[in-house]
Structure formats: C-alpha cells, structure tokens
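Listed after this line are the structures, all set down as structure tokens.
There are two complexes below, and they share chain A, which is joined by chain B in the first and by chain C in the second.
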Partner chain A sequence: MSSQDDRDDPQSASRRNFNRGMAALPLIGMPTLALANAKFPTATVNTTKLAITDTEVTVGQLHSATGTMAISETGSIQAERLAIEQINAMGGVLGRQIKIIQEDGASDWPTFAEKSKKLLVNDRVAAVFGCWTSASRKAVLPVFEKENGMLYYPTFYEGLEQSKNVIYTGQEATQQIIWGLDWVQKEKNAKSFFLIGSDYIWPRTSNKIARKHIENFQKGKVVGEEYYPLGHTNFNSLINKIKVAKPDCVYAIVVGGSNVAFYKQMKAAGLTSDKQLLLTISVTEDELLGIGGENCNGFYACMKYFQSLDNANNKKFVDAFKAKYGAKAVIGDVTQAAYLGPWLWKATVEKAGSFDVDKVAAASPGIEFKSAPEGYVKIHENHHLWSKARIGQIQADGQFKMIAESPNLIEPNPFPKGYQ
Partner chain B sequence: MDKLKKWLGTSDMAGIVVLALVVFVVLPGTVDIFRLNLVGKYLTYAFVAVGLVMLWGYGGILSLGQGVFFGLGGYCMAMFLKLEASDPISTKIQSTPGIPDFMDWNQITQLPIWWEPFRSLPFAILALLLVPTILAFIVGFAMFKRRVGGVYFAIITQAVALVLSVLIIGQQGYTGGVNGITDLKTMLGWDIRTDSAKYILYFANAVLLFGAIFACRAVQRSKLGTLLLAMRDKEDRVRFSGYDVANFKVFVFCLAAMLCGLGGAMFALQVGFMSPSFVGIVPSIEMVIFAAVGGRMSLVGAVYGTLLVNFGKTYFSETFPQLWLFLMAALFIGVVLAFPNGIAGLYESYVKPWLLKSKAPRDTGAPTAQVTPEATPATPPRTSAAPARALDSAPSGKQPDGVGPAVA
Partner chain C sequence: MSASEMWNIFLMQGFAGLSLFSVLLLMGLGLAIIFGQMGVINMAHGEFMTIGAYTIFMLSSLTETYAPTLTPYYFFVAIIVAFILAFAVGWMAEWALIRHLYRRPLDTLLATWGLSLGMQQIFRSTFGAKEVSPTLPEWLLGSWAPAEGLDIPINGMFVMGLTLLVTAGVFLMLYRSRWGLRVRATVSNRTMANAIGINTKKTDRMTFAIGCGIAGVAGAAFTTIGSTGPTSGSLYIVDAFLVVTFGGAASLLGTVASAFGIAQTQSISEFFLTGSMAKVLTLLTIITILMIRPQGLFALKVRR
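Let's look at the complex of A and B:
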C-alpha cells in the first residue's frame, strides 16, 4: 500500500460513513451530524490515527472487574459509565458519541500492563479511564508514555509522580494530609500523633509527609508509627500500643479489608470516639459499607468529597447515580473523582479542538469543571487537580457529616519541598 | 504425502518440528507485533511448563511453587535493568539521584550492597540461572534426603511461595514491594521497548525455549530419564536396586528451577517489569495448569498448553470482561474431565492412530501393532500416562524394556 492510499483512506472512509449515516438516521439526527462534520472534520481533529469516525470516538476503560480489587473499583467503573452516558445524551464530544471498550485488569498488575497496551496499540482509543491502585498505575505508566496515550486516574495517591500522559483526578498526598493535620491541631488541640498504615507505598509515603509536617511545622510529636501487611486482621497488639502511648490523635491509613478488623477491634477494646480522637485518610463511604458506621461513628476522615455534600451539583449527581445503580448505592471519594475524568477530557478536547493526545495534554492545564459534584475543580500545570479538603465525621448510618472545609482550593504539589 | 503422514505418526521429532514451524514461521507471519509480544510473554511461561513436564510428568514430583523460581529469575534480570534505568541524570528529581525510584520513596539513601553486583550483565545472567537453582537445591536436598514427598512436598513448595512473596512485599525498600520493579527501559543501552527489540526478544526467547526442550529431551532419552520414570512409578524398587533416589529428585527439581529462572528473565525483558504477583501461590498453581492442559508427559504439549490457556485468558477477558473467569474455569474442568492427558494425550489417542491407520493397508509394521492396544486405554491417568511415554520412545527400541516392568 502506498502512502498516497494511506492519506486518502480516512477521507473516503469518512465520506462513506457520512453518506450511510445520512441515509440511515432519522431526520432529527441530521442537523447535529452535519454540523459536527462541517465544523470538526475527522481528518483535522484526529491526525494520529485514533479510533475516531465522524460519528463516534472510542475510549478505553481499564479497571479490575474481577479479583480482590473489584469491590473497590466497581464504583469507579459505574461513575465513569454514568459520566459518559450523560455526555453522550448531551451530544457527545465534538459531535461524536463516545464508545467504551472495557478491559479487565483482574487485580493483577501485569494484566493491567497487557490490557493498556491492547487498548492503545490495537484499539487506538483516544483516552483511557482507569486504574485504581498505585501498583496498577506504575505498571501501565511506561506503556502510556511509550505509546503516547492519555490516562485519567481517579484515586487519591502518594504523589511523587507527574506525567504528560496522565491526569490525576484524585488528590496527591499533600492535598489530603496537611490541611487535615492542621485542622486537628487547631480545632482538637492534638499535639501527639500515632501513625499507622498498611504496608505499601501510599501509606508509607503519606505517613512520611505527615511526620515531617507534625515534627517540622506543627512542632508536635509522633509517639508511634506502625505498619501491617495488606489484609492483616489482628490489631490487638497495635491497640495495646496505642493505649500505652496515649496519643492525642491516631492517624490511620489502613486500607481494604483490614479496616473492618481494625475498627471493630478498636471498638471492642473500648477506644471509641468519645475516648480517642482518630483521623483517617483511607475510609470512604465504600469502606463504611464493610466496616459498618456503628463500629466507628464519631471518628474523622479527611477527603475532598463526601456523598452528603450539600450543593446543587452533588444532588444532581447523587440522584443520577442512584437512579442508574439503585437507591442503596454509595458514592465514595474515588467514585466522584472517577466521574470527573470523562467530563474533564470532554472539556479539554473541546478546548484543544482535537482528540490528538499531544494537543489534549497541552490543553489540559487550566481546564475547569464548574459542575463537579465536589464543587469546582481545575487542572493544574502538573496535571493534578486544584481541589478543596474536607473533614467529615462518620455517622452510624455509614455516611459522613461534613464538619469543616478548607476555605480555598489547595494547590497540588506532587513533589513537596521539605517533605522528602 | 503419505510419507509425511507416516513420519508425523511415528517420529517423536515431528511434534517438535511442527511446534517450531508454528513459533518461528506461522505466528510471526500472521499476527501483529502487539500480539506477537503477547505470544512472547506466554512462551516465557512455557519454560515453567517444560520444567514441570520433567519434574511432575517424569519425576512424579508435584511442585506448587514454581512461581518462586520464575520470580527469582525475573527479579535478577529486573534488578540489572532497573539499575541501568536509574542513572543519576534520569533520576535527578529524587532526593538521592542514581538509585532506583522505589528506594528513594522508601527513604533509602544508598544502594544496598547486595544490589551492587547487579550492575554487571554477566553477573545478572549468572544469578538468574543460579539463584533459583541454589534455592531449589537447598529445598530439594532438605526434603528429598528426608524422604519427604508427594503431597507433603507440594505443601512445602506452597509455603516457600508464600514466604517469598511476603518477603518481597514486606521489604519494599529493597524490592519495590507490591508495585514490583517497573519502568525498565534499556539493556546495555539497547532500548527494549521498540518494536524491533520486541521481534528480536521474541526470537531469542523462542530459540532458548527450543534449547530447553532439546536439553530436556536429551535427559528423557538418557538412562537418567528412564530412572526418573522408574522412580516415579516404583520408588522403592529403584532404591533397592542401589540408586540414591533423592539425588535424582534434587537434580530434576534444580533443572526445572533453572528453566523457570530463564523464563522469568525473558519475561522481565519482554514485558518491561517484574512484580511479586508471579511469586505467590495462585500463579504457581496456574503454571501447573499449563502443564496439565498441555499434557504433563509431553514437552511439546506443555508449550501448546501454555499457549492455549493464555490465548484463552486473553481472548475471554477481552471479549467478556465480566464473565471470563467462569469461562476459564470451564476450560480447565472440561480439559481435565475429557482429556486427562491433556492436548498431547488427545494427539496420542486420536490423531496419531488416524495418521497411521490410513497408512495401514500398505504397511502393517510394528508401530501400528504397538499403537492400537494403547490407543484405547480406559486406565486411570497415572498408568495411562506411562504407555504414552513408552510409545514416544518406541522407535529407539530399548527403553520400553526399562519402563515396562515399572508400569506393570
């Protein structure tokens, strides 16, 4: 095949599709379709051979639908689908409906790498919404950088990373930690802290930042720091250590199933919220489903989003989510962050006037999303989001009551000076 | 045509030649580089499956911890590649430039002393072969000399897999923890992420795999192979004949471990990272399934089994992201119920007789006479596997004698 053929191909193919579309679609479809083609011809909005036709743009979705992480990632899968459905109902992106190719990472990091490559190389998707754990993101990152793809990553994480090919819609560590620690120091007069975490990169890095902040900036004291393997369920010795150390505040970054054991054993040992102040950055509404609100009510969590946030955007979002996934569905911080991904991508593509990854990456800084459920977000030059931090108190019904909110948007700073 | 058919039906080289055609000609000629890279990844698991044919099919030793050796080999290679990717210039954003990024995140400020030798490629290659072998020797020597075998040995290999994965995940400052060692870029300055590199690595991997198959075939055809079979079927008889059974077991366990290490290293090179998710119990069992589906008595079958299971995994998970695990389970259960001797058994009992039968009118030679009684065995897998083996070596003429009494 000559290069001449290559160049001619997209145009003739698009004309064919266009004609077929004209013939097949009912009359109502015609004006928008014709408009889209006239304004944004495929040849100009797609110069890098992505899977885009005159009527459709293909994106990938890469989460764990099976395996141990499925329970956490299901919320993100649902939120991204909801957002894409809503965008399609509004007419899509640059006049094109979004088509999703879903792949299963199966809670297995090498599988994530394989599937991301499949989405980028074989399916030529314009963007990928996906990943949850840091391990899965680390596994796919080299693929996205090599194949020049665009990943929208929803989870709050440890920072220390920044890539042209990733938009981080969750908080990096400093956005979640520093303001929350200042709040407990000022409002609850906490001076001594006991740091605990599951033993992997996110809790360890987060506690490192917390310790530096407590010791160097707050002039407080860290009276203990303990880590337990993922899935650990016996916290009795830890609880004894907490009882002996008598910290003003327990700072907990226990993740996943371990949470259930940890909070139940805290309660059994009598360390309830009237006797012990506890601040966590790893419990959302999703985890509360497992723990049971009655086992940890009164403790505090620092997040950017709670399902109970009282604003018009959030009401609309919660209603739509429940209408689609049932009245019992809960929405945690990460689920909301996942919902932002497709909307931010749409806004960026429209600003860039192109689906090309390089142009989308370049157009990303400064993109705003005013109807975000969490209020308002904006993409920073480092591809993270400006967002607020909020303190919620756990209620017995498994929801949070918002107690405090940072007055301003907090700047993302994945490589914080003085905290390394 | 008839000649070809007869050759296919009788020679045990035929299977290897057909597999070579598939791996070297058909696959590279028909699939694109992305899929070919996936095949390359599957073929690294085939080293484990080939090792398991020797260990389990011939030696009768079921190890449920082969992932340990695959992981060790992979980590040795990944450590070398990671050090090369962590030069001071590309890591200048870290608090301590020049060390791997995960060490920096874990507040380690100096490269641990046992990482230093991995700056050298020859050392890394030596290590990826010897570290798994030495561990296998220690475990094997401790177990087999005490005559621990069968299910107890399988449980101990599981324990080793668990211990090693906990160790790797726990020591994240030194090993990358649950994230593994990621973002591997170059080998001696050669970018392993380009398409041309993927082609070269694919073929290098395939050549090594065939090297492994021939090495194992040589072992099978030697006296040692006969002894392994005899030991599997009647260990006491071999012991009373004056052989030290434990030594043979240690040998075959070390051989399988070394093959795993080689596979792991090729995996790290082709996929560009290494993660503790290969070291644990589940992947180790999965590797046994590869060998079981392929047929645990057949080296070539093990490779086909690995390819089939992994193609199935990829295809089902791409097509039915929500249901694929059920389909995989159905595949395993179906194979085990319908063809207890795997794909190779299927070939032995259906394809081979057919190839020979069409030849029969003109040539009523010995092969047909040997095949027909064994083509319809209604015996349990353990004994029916042995006749298949006897058939394999029938042309060489002398081994059935060694095997015959042991089977009976």
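Let's look at the complex of A and C:
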C-alpha cells in the first residue's frame, strides 16, 4: 500500500501531478528509510521480540465490529484507522510503516480477552488500540498486565482504575461530571437534581460522584435517582415521576437504544427544553443520529469534544474524516478520543526512542499532542489525559453548539477523595 | 402539590399504563397468531418488527428527498407498505424454512433463531450498525395538552389507535372470515381439517405471513416511541413471548388480558418503585402465576 496516495491534503493543488511524481518515489524513499533505520536499528528499538522489522511495526485494533456494541465502536475503529493512515503518510513511527491487525471482540467480553491474548502472544503487536465498554476493558486488563502489552482506551468511563499498561484517552468520571454540574448550578441556577441512568457500572458510579458533589460541595438537593435496565423503552412512568419531583435539572446517563426512547417520550410528554433543564453525559453526535436532534434540541451535554468545535485542528480532522468515510459521517466525543490514541503512541515511542512497552509506559507522562482536534492534550502521571470540559447545546440538525468551556485543562483524578 | 396537579399526574399515569398496554399488545398479536395458533416458536419475530421499522425509515428518507410536501401523510402509506413487506418476507420464510419443520418444534426454534441472526446481519450490512430514526411527521410529535399541566403524548394515542384497529382486524379475520374458520379448524384438528378439504399447507403459509405482517405494523408503530437498529428486534422478542405465554398460548383474548395485566403492573410499580425493581416485581408476579397456572391466564378447553 502506498500510503502517500491515501493522504488527505486539501492544500495539494494538483493531485494528478503528485501521482505522476509517485513513480520516482521509491528511489527517493529508499535512502531516507535506510537512514532512519540506521538511526533506529531494530535491535535497539525492539528488545522484547515485538513484531517489528526494519520497515514495519505491527499494532493491533480490538473493537466490536459485530454485535450490539458495533453501533458505538464503529466510529472508534474508523478514527484509529484514519490516524494510522495519516501517520504512515508522514513517514510512520521511527521510520517504520504501521501495519494493523484487526480483531473483532464481537460485543462479547470473554472474546475480547481471548483476542487480546492472541494479539499480544501470537502477533506480538507493539500496541493495541481498542475496547469501548468498561466490561471489555476489565476483561482484557489482566491479559495486558500479564503479557505486558500497551492498550489505548478511548471511552469516557467511571474511573477507579489505573494501570501501567493502559493509556486512557477519554475522560474519567470527575473530568466530565464536576465541572458540568458547577456550570448548571452557576449559570442556570440549578439547586435540585433528578439523576437517571441505565442500570450498569458507568451510570451508577457517575451518579454516585454527581450525588456527592451536589450534596456535599454544592449544598444542593437530589430529589430522585433512578435506574432502568439496558434496552428499556418505556419511560412514561419515570417522566411522570420527574413531573412530580419538579427538579431544576434532570441529569441523564441513559445509554443505547433506551436513549432514543427516553428523549422521544420526554418530548411527547411535553417536557421539552423550554420547560425542563436537562444535562447529559451520554449523548454525543453518534447518539443524536438515532435520537434525532428534533427530539431533544435545547438540552445540554457535557463532553470534551464536539464535532462543531471551531479550531483549525478540528477543521482538518473533520474534513479528513468526511473525505474518508462520507459527508454524512458524524464524529462524537469517543471517536475523537480514539483518534488521539495512535498519535499519542507515536509521540511516546519517538520520545522513548524505543517500541518496548516498559519504555513507552515510562515515557508516557508528559507527552503532549498539540494538534488534537479537541485542542491540546497531555498525558498525566496516572496515564489519563489532561483535558477540558465543554457544554454543548443540542441543535435540531443533530449537532452541538458549544455554550461554555472550562478555562483550564482539568486534571484527571481516577480515585477522587470524598466521592467514594 | 395541589389537588389538580395530583389529578393530572394520576391521569397521565393512567395513560402511561394504557400506552404500555397497547405497545405490548401490538408486539404480542403477531406472535399470538404464529405461536398461539400454529405452535411455531418464531425467534425471528423481533426481526419482522425491525423490517417494519426500517420500512418507515426508508420511506421517510425517500419522501424527504423526492416529495417533501408529502411528509405529513407518508406515515399511513408506510404502515401499509411495512405490512406488505413483512408479509412477503414471512411468506418466503415459511416456504423456504418453516414448512419443513412443523413436526419438530425444537428445530423450528433453532432455525428461526438462525434466521433472526441472519436478518440482523442483513440489516447491519444494508443500513449500517448505527441506530437510525425516521423523520416523523410534525403532527405525531409532541403532546396534546387539554389543560394546564396535563400532557397526553400524541404518539401514545396514535399507537393506541393503531392497536385497536389491528386487534379488531385480527378478531374479525379469525372469527368472521373463511380464512379464520380454516385456521381454527386446522389448529383444533389438522388431520380432520385436511380430510374435509381444507388446504392446510396454504392455511399455514397464510397464517404465518399474516402474523409476520402484523409484526411489521408493530415495528412501524414503534418508530414513534423508540429506536431502530439492527438488533432492535431482540429488545422486543422477550416481551412479546412473555405476553403470549402469560396469556395462554392459544387464546387471543388471553393475549389482550395478559398485555393489560403486565402493562399495569409494570407501569404502576415503576411509579412507586425504581425502574429495575419494577421489572423484578413484574417478572416475579408472572412467574408465580405461571407456576400456579402453567397453561396461562386463558386456556382453550380442548380434549387432548
């Protein structure tokens, strides 16, 4: 594969001339490649028998391409592929082109564990970009720690975890929750909250943190806390309960198909944004495709990234993504976080001067990525990212309009004191 | 909270129960015909609903692109198309698969489960893994507010009306038409029905296809309250079987009664307990009643 061909470069005035020039490229390419590898001989950059040659480095990609989670994980697969393609077009990592071995976790947690073992033991990949749900991450974590692999995990999650073998490119719970709650309290004068979630670990842990913050730090009131089974589609009784409790703000962490039913029924019951303030941390552009922006416009979401962010990095990223996956493709928070993975890994390997997992793990803290679509990110000692929090308002066209952003990068704190 | 507010919540909660009742009934009706009347355990029933839902999605996109002025009206046509499509697929499935397995109920279970997996993959390849939502006509969204603080969901009323229509249709067909007579004869004694000149094979195919068609209508209606994805069907299938089994497999009246009972238990307990506890309570009640009455609420008195 000639990766230059895939590069999306809006500046290149004439692609035809560029392609004609390609014929001469191998001749020019050879000496530079030899030069790079003379500088980074395989024997020094790879002392642990990873799948690395003089010209190629193999990485793994482990997501659900089939099963229920394919809905969410497809965006991450696409973003990681785009990043790797762009890196290859720039010359790869330490002069080596990245080759991907993709495995399918099939929305089944034991399968994730099995495939991660295959990637680490049989394929000897240098890094793995993958997992989405906390359950899949928990399933592969022992494998990565035992076989000493490196995982770049993209999803915002509940925290309470930290590993030498994982870089968390999404937000841990406090980064997403606390600043958002403070914003609705200050800007929207919300004093009473109704917490809603799907019934599994992430919404429950997140709501626990939210409740502690509301009660202990904001001196506000939680007037209700409710969980519904995954896939639940009938929310009329819950909506009546909200009407009885009359909270200033509904705090919603409903996921999957339930999400769609919840917002359609909120609208049908007359609880629209002009009558009810709602803040969510589980609706991104991807979910809005299913819900339909017209069913929930005016509500707020707290994320670190929105497709509509107005900066040069993001414009480039959105253009490249759409050029590759179609003009109708949307990019949600997690998709952007997945895009960061390969870039952070590249920067870390280059800083460490080695692909060895121990050296990469040790070199990770302090790694910066200045051209991240979300702005600037940096890896913390605890292997999470410093990142901003942003409030977006849902628009009828399925996009967000950014209303506010935290002035500074928020420190990741996966084990928050006073919130347990 | 004032008395009038209490009264409003009471009314809206009552409506929530009725609305869940109509959803469950609509889910169960097609299955009541296929499972109840024919004894075929159709694990792909949810996917036939999904066919209906995707039909709405396709027609809504087509309408938006080619005839945006028709957006307020396309929904009615789309429901009929959903019926026809699901009917046709059901007809083919019966011909290709089910008819070979009538005397082997456990094999039908496996075969239709395989069919459901296959259909899910077809949906995924055709429409993508992400969930979609059709653009609904404006009049279907929002609520009807006859008084201050009282909001009745319009989509709920629509589903309720549709359920009434379909249920009445099924009753009429089963008890007032030649087809219904043949179905009932076939159900009660297949050999004898065959002997007196009823083409039982044709009756079977027609019955199966009609059951699937009704599932298509149900799926179409659910686009107004929920989501459409490749695996949406698997969300509905458990509830559908629950309704039919609890009601007593061979009784249509039982299906109605059981849908009503489950919906009210669920909706009332959801209001007073948390969501997950309400589900536990509902399922426990159903299991207890089924332990006492394994044949379900209403059972046909048949000489075995």
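The rule is simple: the second predicted complex is superposed on the first by the 395 of 420 C-alpha atoms of A that agree within 3 Å, B and C clash if a C-alpha of one lies under 4 Å from a C-alpha of the other, contacts with A are read in each partner's own complex, and residues count from 1 in each chain.
Keep in mind that, in the parts below, a residue touches a chain if its C-beta (ideal position, glycine included) is under 8 Å from a C-beta of that chain, and two chains touch if they have at least 3 such contacts.
If you're wondering where the values come from, they're calculated on a predicted model, not measured in any experiment.
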Do chain B and chain C fit side by side on chain A in the superposed arrangement, or is it a clash? fit
Is A:Gly290 touching the first partner chain B, the second partner chain C, both, or neither of them? second
Scan A:Ser134 for contacts with chain B and chain C and give back first, second, both or neither. first
Tell me which partner A:Gly353 touches in the superposition: chain B (first), chain C (second), both or neither. neither
Touched partner set for A:Pro229, first chain B, second chain C, both or neither: both
After the superposition on A, what does A:Asp199 contact: first (chain B), second (chain C), both or neither? both
Does chain B (first) or chain C (second) touch A:Leu160, or do both, or does neither? first
Considering only the touch criterion stated at the top, classify A:Gly298 as touching first (chain B), second (chain C), both, or neither. neither
Determine, under the contact definition given at the top, whether A:Pro41 touches first (chain B), second (chain C), both, or neither. neither
Least Cα-Cα separation in the three-chain superposition, chain B to chain C, whole Å, stands at 5
Doubly contacted residues of chain A, that is, touched by chain B and again by chain C: 66, 199, 229
Chain C-facing residues of chain A, complex: 66-68, 70-71, 74, 199, 226-229, 231-234, 236-241, 243-244, 257, 259-261, 264-265, 267-272, 286, 289-292, 294-295
Which bits of chain C are touching chain A when the two form their complex? 1, 9, 12-13, 15-16, 19-20, 23, 121, 124, 128-133, 135, 141-143, 145, 151, 153-156, 222, 224-229, 231-232, 235, 266-268, 270-271, 274-276, 278-279
In the complex formed with chain A, which residues of chain B make contact? 32, 34, 37-38, 41, 93, 95, 102, 105-107, 166, 169-170, 172, 177-180, 182-185, 193, 271-273, 275, 277-278, 314, 317-318, 321-322, 324-325
So in the complex, the part of chain A that touches chain B is made up of which residues? 65-66, 102-104, 106, 108-111, 113-115, 117-118, 121-122, 134-135, 138-139, 141-142, 146, 158, 160, 199-201, 204-205, 208, 229-230, 415, 420
